[in-house]
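You will see two complexes here that share chain A, one where it goes with chain B and one where it goes with chain C.
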Partner chain A sequence: MAKGVKPRVKVPKKAAAGDTITIKTLISHKMESGQRKDDDGNAIPRSIINRFTCDFNGENVIDVTLEPAISTNPYLEFEALVPEAGEFKFTWYDDDGSIYEESKKIAIG
Partner chain B sequence: MKKFMSAVLVSTLSTTMVMADPVDDTLILNEEITLVTRTAAPAHMADAVDEIMSGWLFRGTETRAMQMDDFDNPGMIFVEKGEDLWNTAEGSEGKSCASCHNDSDSMAGVRPVYPKYNEAAGEVRTLEMQVNDCRENRMGAEPWKYTGGDMTNMTALLASVSRGLPVNVAIDGPAQSTWEAGKELYYTRTGQLELACASCHEDNYGNMIRADHLSQGQINGFPTYRLKNTKLNSVHARFKGCVRDTRAETFKPGSDEFIALELYVASRGNGLSVEGPSVRN
Partner chain C sequence: MELTRRNAILMGAGALLVAGLPIRVSAAAGDDAIAAFTGGAEVGTGDIKLTAPEIAENGNTVPIEVSSDTAVEILVLAMGNPTPGVAKFKFGKLAASRAASTRIRLAGTQDVVAIAKLEDGSFVKASSAVKVTIGGCGG
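Up next, the complex of A and B:
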């Protein structure tokens, strides 16, 4: 598992039914591209977050493929329609097989 | 036709000059606290500058927006790391910062008054020196490297809990001689380019230096998250970078010269809000 990885998300605590809300996500990750070399000239192996998904009550909201050119600490911001109260689930997939998860509840009101 | 041409030329020129000027904007943090980014200069600067301005006003719209929300501010990642360090027991005494100081929030008001004269030690101390003094003498731990990652994460945490409070370093009494040494350095030209701090940050703020805007060089926003190197940058590392850019041999981070310079430069920002960790280019 890559070091110092920590997912963060920002979701409003409540919204009106049918509202579109803005979700912000950030994961601290070095996103090593695989293109760089160390001091001895050996390639530093690629180690990135390669996929990010967000689901709401089991339904997929967004599914993103991340590529090596994406900078360190990838930040993703997107909008989602909230038809009912429920829970957003966020999942980040690491090259090394690690999966980082976070979830946030949202109420209607 | 000729008249029309010169009118166009004049307007193009004036647009270029306006671009480097500080913007008229208000820094509201997390839609809660309004920070002071522009205020009357402290009395000791009466001959030099009327108004002091945070570097935030000299940056672009997107960069300014990043600093307005803690979630968008990449510097806050390092503040979280600082918080982890705050609660980590280290050294022969088995103590963490929290063992004596409780929550990091209790340190609100500390950042704005540093560098500060320490009676017992008989010297002006920066926040970094005080942190290392705690580590060595209270915790029995190894001191951190002056501009290292752990140290900068810790100073970012200490700055973040003081955001919104006005910088207020003492320049009289026992700190005066250090302050004067710092002032001397600020106005001394160095390097092959023969530039003093004042050449850029007092005489030319609001102008362009090649592709970048010159600010007043205020340090109320340090440590600073720079988009160019995606990490926090400490005050002394920035001083070193500036002196190097004048093509001079630089002083070392943590040296007497940079401590004096930090006190003097901090005093030029007396009245501006603490902003650290700020976001800059």
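Up next, the complex of A and C:
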């Protein structure tokens, strides 16, 4: 597991049924591209988050494939429909096999 | 080798060829990535919007935004990067809009390309030239 990985997600606490909400996600990760060299001139191996998914009550919202050209601390912003109260589940997949998860509940009101 | 005018011209041409090579290789990789995504289908223009800054002072984080009303998938490519792929967005049933924004790395001044696969199976493309002051791929 890469060090210091911390997912952060911004989801409104409440929404009206059928509403569109904006979700912002950020995960601290160095996203080593595999192109950089260390002081001795050796290439630093690639280590990135290669996939991100967001689901709401088991239904997919967005599925993103990330490549090394995504900046350090990958940030993603997108919009989702909220048909009912429930839980958003966010999953990040690391190159080294680690999976980082975060979930946020949303109420109708 | 004696440095005659003819030899000097030959050497100059050779140097140019070598210098131009990495750029061409990378561009070909970008075209390959497009072909792999579209399956060789024709790419038109239309319902896709790519928002990127005209000038990016720092190539390490360049904010971009893609949107398209009828896309099911959007592929983003940086044609001048050592590896052209940037991201692929697949929109699910609960995606309210077919739009997303993120931050990307750019190795240098280049074109950023977004290709969307629409609901009817056709492909559309948008591109935006970004000037980069400091490259983002670390030598």
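The rule is simple: the second predicted complex is superposed on the first by the 109 of 109 C-alpha atoms of A that agree within 3 Å, B and C clash if a C-alpha of one lies under 4 Å from a C-alpha of the other, contacts with A are read in each partner's own complex, and residues count from 1 in each chain.
In this section, contacts are C-beta pairs under 8 Å (C-beta built on N, C-alpha and C of every residue); 3 or more make two chains touch, one makes a residue touch a chain.
Remember, it's a predicted structure, so these values are computed and weren't measured experimentally.
Trainee: Determine, for the superposed model, which of the two partners chain B and chain C contacts more residues of chain A.
Mentor: Partner touching more chain A residues in the overlay: C.
Trainee: Tell me the contact category for A:E84 with respect to chain B and chain C: first, second, both or neither.
Mentor: neither
Trainee: Would you check which partner chain A:R8 touches, where first means chain B only, second means chain C only, and both and neither mean what they say?
Mentor: So A:R8 only meets chain B here.
Trainee: Examine A:D96 and indicate which partner it touches, taking first as chain B and second as chain C; both and neither are also allowed.
Mentor: neither
Trainee: Identify the partner contact of A:S71: answer first if only chain B is touched, second if only chain C is, both if each is, neither if none is.
Mentor: It touches chain B and chain C both.
Trainee: Which parts of chain A are in contact with chain B and also with chain C?
Mentor: Shared contact residues on chain A: 71-72, 75.
Trainee: Which bits of chain B are touching chain A when the two form their complex?
Mentor: 71-72, 74, 77, 80-81, 230
Trainee: Which residues of chain C touch chain A in their complex?
Mentor: On the chain C side, the touching residues are 60-62, 78, 81-97, 99-106, 136-139.
Trainee: Can you name the residues of chain A that touch chain C in the complex?
Mentor: Residues of chain A touching chain C: 20-21, 33, 35-37, 55-56, 59-72, 74-81, 83.
Trainee: Provide the residue numbers of chain A that touch chain B in the complex, in ascending order.
Mentor: Its residues touching chain B are 4, 6, 8, 10, 24, 26, 28, 71-73, 75.
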